[in-house]
């Protein structure tokens, strides 16, 4: 787990154009719910990075990452639309959340994106470093994970993404500290001004709080009781920490931060993209209340 | 109106142990809804300050200032309980919100607190400068204002209280500025430190925003369309401005602010008391959403 | 001016705008290249100028209307309702009034009217890579050579330099003096040999800002504005000319009303976004700030109309607006969920929360960072002392770095 | 220590506390006067001392247990679950370890054991009216007279001075030296002639803090702690002794779980307060902060048990906790509506949101204001430079004011 955390934070720190956190959640879903056949088909090539798989959750008309009203599974085929899927254009496969026929149940299924029954349309986004696409399925062959639980996979992806967000936030903090030690105004380095010092102290505090939450979530990943609450806490605090860090890093850099001459904008864009792609902050905030309300005894 | 505003802000600035804002709302209610008889009976002695009248709204079991489930009006008599009424012990009269029999309608009624049918019990509060009491009515004679509208009177009291809150907030700001110009640490007055300067700039900005809202609300007091939204905005922003000002004024004063040697704590206590007694911030926040949602065209 | 007069003026301005402004909107002209857009901006300025709205407070001898400053503010406020192309705010806001104050008769006769009419555009060359918030730290040198000065160095963040005919430029003529004392102001012909303009790619798409390189650019002494060494004072003085300006209360982003519409139209897990606690909080906070700022603005206009100074509370506007806009835009994107990342590259910033969000950081920096604005409020309004300034009185060349 | 050992120790401590602590709680003893409460506090310290839990890290020769520091932390953590009377944290936290470091053999033999056993209490006389955050600005004078020093001046914010037998005191022996250099530390007998203790009325009811006046108090030089002029360094050094301490994650106020209970039990306009957006926000933010801080604390305990320095992230705890507590308490009162003003004067601060709220300002000041803590994080953790310090190197008497 320590190694995984290191890789994920590093991915975040360089704002890499990948969806590594999602890939890892996908592998875990296959490991957990895949039939021996399905594991044979996918796990090795995915884990080795030979094949890529996108996670397709969001649907038009509702902002929940759990929404499965559009894409319907019936007799091995799916039809419907998924929106704003990161890295779909680079992937051969997609893990898609689907609704089971007319029931209210939802499951995950694997779909071959190269098939003619899948139409991908690239969309312009605020984060130009990752390509994002809408997907339309029309009777596409879908390989169903029978016992799968969409919320669990979304929560795991959120936990892994939290580590990426933390890596990015720490990088922002470091960029800000470096700049504050070097840039001068009014005869001294700006790192001497309390406005800058206190902003960076706040940034540090947020990051450490988020770091604590991510560590707990990672630790409880296989804990039957802990994961629903703790993955939500990790996600929520990571969104907040990175949003503040990325936004205020630009502010520390001043006019220079508002141009492509500095890297600040990459993190500003990425902070928003990561905040939106697995359910926005309010979705997770509601989940925390829900789970905290249920839990008789949690680790607080 | 300018004179009224001046008196109210002054009352707030000295954290006077009065409920002047509420008295003024009571007078307006009488003027608006009182029969000629009722006006004769009350208006002059109330307006001259000869008699005092408390505003009794809140009831046990619900935090809305509009709650009227407990005190029931029937055949000229009321029974039930009101809680945490400021200045009731100093008042001969109370204006009480009541529910009309079994209906869902509520009205205002005047009650003589000296009567045996009214039992007042003083409660300990965080703000020792104003006495607060619970009241129990048992078949107390009640003089009903037939056409009265509880929300309207609560909103007017809230608008006038916002001016008191503003006065208190401005006084806090001035105390903080004075202290920051005089108190030294690390070889300079603390008013030179950006942490203090920026805190006071934020305090000023909040106060001016609240001041703008209060001015608009006062201006729209008799405007059929404007008052519901604007009194809520005035109340909401005044609570926020005073809470921040009172809390951070203690912080600027440091350890000294945490004792009875300075006046900071009077405003800290009063800020909370005023924030609670006419419906807390969330009640007004919900009202803003409700009214803003309704209004096709408001002055923003 | 009486309240009655201002309302009459507002009515006339509105009627005129409703007749002429729509033809200059995106809707009327469709997609435009950058150069077409600038040409349209020039045409719009000329149209306003002819009708007496393009140079409202300028002297009649140059074609201005010699109107009351409150008329200018009212017109600007009304014009905000239309998406007219805006290029001349800086030009007419500071450089041209400076020319009128410091130019020779001949210069003024030749240059003021073309600038007011929109035939020519003036830019303002102040900031440098190492001189942003701390403008007086600028490095660009000027050395005297007979009747001329030779200017060398680099300016940064110069808005519309690529279209400018002239610019006012602040330079260091003597680095043995303390930083504020060694500065002098000139105006320069932007086509003079040695000047190179290079666009800077901003965080958002549109390129309005530039680097400008001066490589031994010769400027006649007659183009000096104010005394040698008075440059910083002249710059500040001019910043005070009609310093009360009109800005959009939403910070040129979508309004809280747009946000409310959005919240009504989307759901999360089947629940209306209007039930979303964070969304409700943003609506309330934004609305209350808008109401407060609008009241402060109305009070200021009234003071100005009565010939009085507006109160100091106007100073909070930029601070409040730019933070508010960033929060509102981010919250709107949150409501949209995964779709919130989608951006229409052609969208104006007041039409799209994404476009507004991407430009928001510049809003919190340009024209005074949040931190500088708070310092200014603390010092000028509340009377708190200036921060410690180790550079005070020290010869510029002895300041390290 | 291994993780196994620490868990064994925790189990033992918990068992012992469950047997002995309840008898010292409010529930068991009922209302107590201030003096009765202190007497009970002494008895509790004696009980812990006898069982080996009262002086866990102190040397055996004085009756301590010479245990691992992590044992002390674990015991403190477990003790937080009980409302035992607390008077000796300061006494044993800094003054007594200082005595062990700087006292003579004779002094230590006479004084350490009574202090550990709770028979005697030591206080810490550092702050003054003009020296709070800036401790080195203190004025209280000491002048040499033969083998003694004569102390005159005023100390402020001295916790439990009214019960103290001894105190360590930081004074200025030479005002011709820069402020940090002219200080010396002594310990004094709090019953010495010339010492007057006057309680200060805090914002909340309970009086734990005092002003202490020194009127020509004679202190033998043998009670000097460290070199003449080393006072500030000695004070800082001692602050570093076992600086990792245990505190309640709710800041000694009610917990987020209590808040959740409250939200479930009240309504506004018939709607559960659990639907209140502000309440939901406070729950989420508080919970996330608690989870984060607890994880940081667990990591620190583990490091300490392994003999390593805990990470710098522990430094955020006090900053986060004290603000969190104030917000949570105010939000809870909001949920109660008009009733929120009611306060039970006898309520402990961890039982009542009102009591917690009224003490919250002191929490944001005592032991480092928010502002000082942020500076410390910026400098010690992030490596940013110190603020400008105009008093540096200047003789104390030349500093104005």
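The letters A, B, C and D name the chains in turn, as written, and every chain counts its residues from 1.
One rule holds in what follows: contacts are C-beta pairs under 8 Å (C-beta built on N, C-alpha and C of every residue); 3 or more make two chains touch, one makes a residue touch a chain.
Here the structure is a predicted model, which is why all the values come from computation and not from measurement.
K.L.:
More C-beta pairs touching across which pair, B-D or B-C?
P.N.:
Between the two chain pairs, B-D has more contacting C-beta pairs.
K.L.:
With chain centres defined as mean CA positions, report which chain is farthest from subunit C.
P.N.:
It is D whose centre lies farthest from that of subunit C.
K.L.:
From the C-alpha centre of subunit C to that of subunit D, how far is it in Å?
P.N.:
52
K.L.:
What whole-number Å value describes the gap between the mean CA coordinates of subunit A and subunit B?
P.N.:
Comparing mean C-alpha positions, subunit B is 46 Å from subunit A.
K.L.:
Using CA atom averages as chain centres, what separation in Å is found between subunit B and subunit C?
P.N.:
That gives a centre separation of 42 Å.
K.L.:
When you check subunit B against every other chain, which residues touch at least two of them?
P.N.:
Within subunit B, residues 188, 193-196, 198, 285-286 contact more than one other chain.
K.L.:
Could you list the positions in subunit D whose residues touch two or more of the other chains?
P.N.:
Counting only residues that touch two or more other chains, subunit D contributes 277-278, 280-281, 371, 374, 387-388, 390.
K.L.:
For this assembly, give the contact graph shape among line, ring, star, complete and other.
P.N.:
complete
K.L.:
List the residues on subunit D that touch subunit B in their complex, please.
P.N.:
For subunit D paired with subunit B, touching residues are 127, 129-130, 132-134, 137, 156-157, 200-203, 209, 266-270, 273, 276-279, 326, 330, 333-345, 354, 357-358, 361-362, 364-366, 369-371, 374, 387, 389-392, 394, 399, 401.
K.L.:
Okay, in this complex, where on subunit B does subunit D touch?
P.N.:
Contact set of subunit B toward subunit D: 57-58, 60-67, 83-84, 123-127, 132, 184-188, 193, 195-196, 243, 247, 250-251, 254-261, 265, 268-269, 272-273, 275-277, 279-283, 285-286.
K.L.:
Within their complex, state which residues of subunit C touch subunit D.
P.N.:
277-278, 280-281, 388, 390
K.L.:
What does subunit D use to touch subunit A in their complex?
P.N.:
Against subunit A, the touching part of subunit D is residues 249, 255-257, 260, 264, 274, 280-281, 283-284, 287-296, 299, 313, 316, 319-320, 371, 373-375, 377-379, 381-388.
K.L.:
Along subunit A, where are the residues that touch subunit D in the complex?
P.N.:
So the residues of subunit A in touch with subunit D come to 173, 177, 180-181, 188-189, 191-192, 194, 196-198, 200-202, 204-205, 208-213, 215-216, 230, 233, 236-237, 285-286, 288-289, 292-293, 299-300.
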